[in-house]
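One chain, chain A, links the two complexes that follow: it is found with chain B in the first and with chain C in the second.
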Partner chain A sequence: MTGLSRPARERTALLGLAALLVVLIAYPLFELVRAAFDQGWGTFVDALRGRGTPAAVWNTVWTGAAATAIALTVGTAAALVTERSAAGRRRWLRVGMLLPILIPPFVSALGWTEAFGPAGLLDDLFGIDLPGLFGPLGVVVVISINTAPLAYLVVAAGLTSRAEPDLERAARASGATAWQGFRTITLPLLRPSLISAGGLAFVVAVNSFGVPVLLGTPAGFETMTTRIYRSLALSADPEAFVGVVAVAAALVGITFLAVAVSDAWSWLGGAVVRTGTPAGTPAAGWTSRWPVIGLSGYVIVTSLIPLVALCLRALTRAVGVAPWPSNWTLANFGEAIDGAGGAFLNSVLLAAAAAFLSVALGGAVAALGRGRRRGWLGSVPVLTFAVPGSALAVAVLLAYGARLRDSLLLILVAYLAKFWALGHRPIAGSLENLPLDAVRAARASGAGAATALRTVVVPMLWPAVAAAWVLVFLFSFHELTMSALLYGPGSETLAVVILNLRQIGDVTVTAAMAVLLTLVVLAAGGLLGLARRGGASS
Partner chain B sequence: MRSRFLGILVGAALALSACGDDPGGTLRIYTSVTQETLDAVVAGYQGSYPGVEVEVFRAPTGELTARIAAEQREGGLTADVLWLTDPLSMGQYAADGLLLAWAPASLEAVPEEFRTDSSWGTRVLTMVAVHGLDVPAPASWEDLTGPAYAAGVAIPDPGFAGSALGALGWFALDPGYGFDFYRRLATNGAVQVPSPGEVVTGVAEGRFAAGITLESSARDAIAKGSPIAITRPAPGAIGIYSPIAVVAGGAGEAAARDFVEHVLSVAGQEAIASTGWRPIREDVAWDRSGGLVYPDWNRVVELRDQLLNEYLVVFGG
Partner chain C sequence: MSALEIRDLDVSLGGTPILHGVDLSVAEGEAVALLGPSGSGKTTLLYAVAGFVTPTGGEIAIGGRTVSGPGRHTAPERRSVGFVFQNYALWPHLTAAETVAYPLQRSGIPAAEAASEAGALLARVGIPDLAGRKPAEMSGGQQQRVGLARALARKAALYLLDEPTAHLDAALRADLQEELAARMTADGTATIYATHDSTEAMAIADRVALMREGRIVQAGAPDEIYARPIDLWAARLTGPAWEVDGPLIGAPPGRVVVRPDWVEPGAGLEGEVGAVWFRGPHTDYRIETRAGRLEMRRPGAPEWAQGDGISVRVRHWWAIEG
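Our next item is the complex of A and B:
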């Protein structure tokens, strides 16, 4: 192809990639830190001491910690039920448990207010509403529910790969109760999974914006992300911008600290000496139906009822009338489509562009990162994914705002910086498992490099590439945190329109838009499931 | 193969970036008026000027002023027309020299109290009381502090909505009401919600007995079937005029003048009236019965920070 030798070509590619990462992430973050410490430590600290800011920092940290604890407990319990219980219908429980990953957090928050809030569905039916839904309690609960699936995924994977059925059987045979067996055998084995799940859950919880802005802000409960939004989007005070930069920099600090602590902890205390590779299937812990019933109830209450309530609200013609068929109308959906058509197009365009570019970028990093460089090149995407969206948006605004203000390109830069890790992960995983023998066999049988790529590598990687594409599309399509800070005339995203309309108080049309958005997301999620299954079967 | 792929990517990136550029022949409107009204007025304008491409940034007052401030900080306002909810920030922009002083053709049709040399009223927003059907109508604003409304009165946030700020201006500066009125409301269990729309939603859902809100917002909900009623307590609904102005020195200044002329014309005013707002021109039909009181905007502009701070003491957020 070119006259360059192979190592030289690789070096050029690596340099190009490094340049791209600098443009996307390093330079914006540098600008953020520079702006925060522009006038030295003193102004940074003063800005963090500004009116209401210490409370916002504290609220972020404690709600993050509380949500992490709840998500870990729920995720572990759910993993035990789906992976260790002998009862049937585990497949459906897994899908139900993962449902909140697909539903955008702000849609969850809207669903919860329609289901359990004052004048919500349960209030209409039984006169019950959840006190404190607007405020810290609601923020923690809904963030936990959105974060639990991540903890569940990590712990369930840990349960299957780290199972020690012999030890567990031995414990039970020696007279330990199920609880003792769990506490002394299973739990210590799970520790590395729990630590990494905890780190992940904390980072996601601290990042969260859609939930606190809908459930916390109306009650005067502010977190760092809502404070950044309020000071940047709703304040005309020039002093506010100084505070925004300081809070954003502090938010990056908090998440990196969490990642570092969780890494160090699993390195120091998490290593487990294994007694041998698991033989046979894990011991079925119980045959009782109650855990399965309990988990089903959890899924129904936390995910299904809010979605149903949201749909009912979207169908009801006015606020204050009962959500029954006599009051149903499709007018809200008509208004939603009228009001959000352009934004819908923007979101589709942004999500598709982000998906294509992230897959290309993630794939390139995965291909270059094979072998020796795997270590550091693999951890870059993880770190960039940990940068909170609010802070990343402020950083991108500082770096490129002057030139790209109001353009979809500005939002695209932020999406790429945040989501290319999602494009990288599946492809890197699939590349690791690519059987090189098959490629060698093709070459030995006379196939050229291009033919081998086309007939062997591409078919094997295809499911992973498709999964990566859909994953990035999904997250970009319902993204709110960054687009709420970066949008301008003509570059509103669907999520931004929903947030703005909700704040103006149009509840029914907001619900209709949220339902439409969720339908698209669920359809994309179904595609993802298909791609995954295709990957598993090939 | 590879270069074609790259070509497509670059093409896509360029197409995306083009969305942010500011091509010639466009008119940029920054506004807080409702979408429906804006659509009706812009459609009429484009009927006369089909060649002008109209770009709109529409947001509630708080967000809009934040955006204008951010643009001023980052090198200059890009809007050609500002069409706001209340005259408060407009006064500041005029003082900063941002607005073009000129005389529209239909100047005389705008009552004198609703015009300055760079901005003109376009419509009058009215703040009224809204209450549940099983709750008595308040005869005067003062009634909202009484036991009949102890189940809760919702008031909109003046930091978020311009109309709410107008109400604050009238109540706080009226000798009969003043900040004591807000203190009595708070003691009686009144709650602040973000927007006038939220007030209507909360009252319709039965979460509040009554509320202070925008008449048009309440009327929309009633038209859809929400179980609420509107009253204009004595001494009257609070009127807030919504001003429009041309930004001086913008690329679209000529188009902006044409747009303002259209908004103040009979056709533009009829479009405003047809979407539920009281038109500023008295020669356009509207039911003008019922009392209206107006805040003294000169004093509100002068005392703005003091008013908001004193308000925050009562309904601190």
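Our next item is the complex of A and C:
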């Protein structure tokens, strides 16, 4: 025990946390902005006018907007199917819809190449390939598929908490057809969900790096993130670095603008306060088979076929031979383990460290953020998570690159700055839902403060803590954007090795590494599902 | 012609059977209360009639027109029903006036006309001043009045009320009950009123149907249901009831139920007062006798205390089956 009073102790802890957040995020971002506007507004604008940069900015914005529109449409349609039709009882449909969240975006891009690209699985089988897979079309489609699950989650949550079934039944009983009810009741009530899903999808799409680097760069199609990567990783020109900083700052600007617009838009709509108890048995809804067929077809084409194609490629002894069992070999996996063993270890170490520290940091912020400080302290993690990885990496490099260059620590700082919000979110949500009466009941039953914490609070919180840990581990483990900008000799991560090897052109070994990485991620995702289930049952 | 005719209705939700062979008919102008504990299938039955769920078997006809049957399922908006929800189910983004105008507009009435008619309906349910309020700015009782006005605006042949007073406190509940009773008789349309409160059911309805585990076990006029329950469960659902040994109170051998208002002081059965509850207008006494435990209700303040010896007479009893 310190001699400090409780509020004083709390203030000290809060100051410590604030200092940590400044070190992790505020200071690097400050350095980034300072470097971008070092010689005034003019140099910043000039740097953005540099050769190819306006095109990269424009490409980023329009692919982001297009991917948002597609992801929002797909996510909303899928949410309507799972939440409002008899199909919703099929658990595997939900899992299938969420699958792309677990698959790292660059793995998904590799999978699409192996499935639908030239010399891909479909080319081998039927002689067909998707024209335009390399280029803007492929970039938009694969980003959309990776983003759709996020839109789906937000809209599905809105369908159960905002526009619950009884409100739609009331419309039907008032004489509205299914379509009229959807248009006049469901859609207006979903508006805030749709806006926040759209904002989220846009931010994710604009920040996307793995997909454009694998599908856009080979066709000469550049976005802001791939431009930063190309200039920074592949060139030592100081001139180029000025451009990188300007593009990174502009990327932060675009992202924050999107967040601000979506917040303001949903705020301008006026808060809609739900009354009564959200109730009513879940709708059995329409029983037509078509939605199920459509949704399962979507999951099969967009997620399963690419994954299968990737696995087949990893198993096949060389490019150009048919992916049949007669040509199968485990040699690629052996080579992958030989070639990426060190990087694999780096990734596990980094992800585990980031997970432990993020849970500690996020948990502390969540605990201190209860009550009156909830407002501003709650929005900090959301904002830091929105900072684009490419820009954050440049900022961290500017702030700490001189001292930590080429070390795992540099990458860890970037992971923490980006992902601590993922550690914060589940714990804060769980704390928010922790009924105060549960603690009071424990105290009234004779438990002391410590006993109440141990017997009531911890058992109720632990699923959230476990979920937070796994979530951070998962995202750090397959992180590519920042790692590709920050690694040095000896501090490569698995994702970086896969990207580099792929660019050299070793397709089969890359596929094997990607399969191994995905297996780890899927295992972590399975753990996450278990933690969630544990949370639901308690 | 009956307003509603349900024949042998089966409903399953997610593969779990909820309703088993329900038969029920409601005459025009009749108010039927569905009385049952929570989970007995009251809401599911109303949902099936409204068309929110598709039955797995049986038939439903509203106003002589079959709306659910083999290979046939009429959409909710094409059934002539008004629905009042337990949780109000008011649309959070619409004002009271917009909410009540909603069904009017769906039936093709122009917006201006619908608005003035909605105002009249809000006045009819006693909240003419709240037209511009959204649900979040109203109390539970006010919200449910809006819910009632919305249902009335449907001008339906049949109104379905799903525990409309369940979430209200006692004073508001009595108030709204009176309002509902008045509306139901005023329009001459048929009504089904689901509730788990027996006093509410018996006070408001022409006929009471008792529901248990997805079946209607008994239906009849309130006084008849009260006086002649088919078993102890039905007796307990419709009010306090005690099972006693028949021959000792002058009844034939077998199972016999006795209600508190069927017992009075007098010669016949010796007992001891086990507990006394003063309830304001009357007092209830629990009495332990040789025939078993029973209860007696007397007007006014307590006249006996716990432990007193007492002699009572059972002036009425009812033999139950099984």
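In this text, the second predicted complex is superposed on the first by the 504 of 538 C-alpha atoms of A that agree within 3 Å, B and C clash if a C-alpha of one lies under 4 Å from a C-alpha of the other, contacts with A are read in each partner's own complex, and residues count from 1 in each chain.
Rule of thumb we're sticking to: a residue touches a chain if its C-beta (ideal position, glycine included) is under 8 Å from a C-beta of that chain, and two chains touch if they have at least 3 such contacts.
Just so we're clear, the structure is a prediction, and the values are computed from it rather than from any experiment.
Contact with chain B, but none with chain C, is seen for A:I504 once the two complexes are overlaid on the shared chain.
Judged by the touch definition given at the top, the superposed model places A:R169 against chain C, while chain B stays out of reach. Once the two complexes are laid over each other on the shared chain, residue contacts for A:V465 go to neither chain B nor chain C. For chain A, the partner that touches more of its residues is B, with chain B and chain C as the two candidates.
In the superposed pair of complexes, A:L189 makes contact with chain C only, with no contact to chain B.
Once the two complexes are overlaid on the shared chain, A:G490 sits against chain B while remaining clear of chain C. When both complexes are overlaid on chain A, the residue A:L412 reaches chain B alone and has no touch with chain C.
By the touch criterion defined above, A:L32 lies against neither chain B nor chain C after alignment on the C-alpha atoms of chain A. According to the touch criterion, chain A has no shared surface contacted by chain B in one complex and chain C in the other.
Across the interface of their complex, chain A is touched by residues 9, 12-13, 16-17, 19-21, 28, 30, 35, 55-57, 59-60, 62-63, 65-70, 73-75, 89, 159-160, 193-201, 203-207, 217, 221, 224-228, 317 of chain B.
Looking at the complex, you find that chain A touches chain C at residues 89, 162, 166-167, 169-178, 180, 184-185, 188-189, 272-281, 283-284, 287.
Interface residues of chain A facing chain B in the complex, by the touch rule stated above, are 118-119, 218, 220, 232-238, 241, 317-321, 327, 339, 349, 353, 356-357, 360, 401-402, 404-410, 412, 488-491, 500, 503-508.
Within the complex, the chain C residues that touch chain A are 13-14, 43-44, 47, 50-54, 75-77, 81-83, 85-93, 102-103, 106-107, 134-136, 138, 140, 143, 150-151, 153-154, 167.
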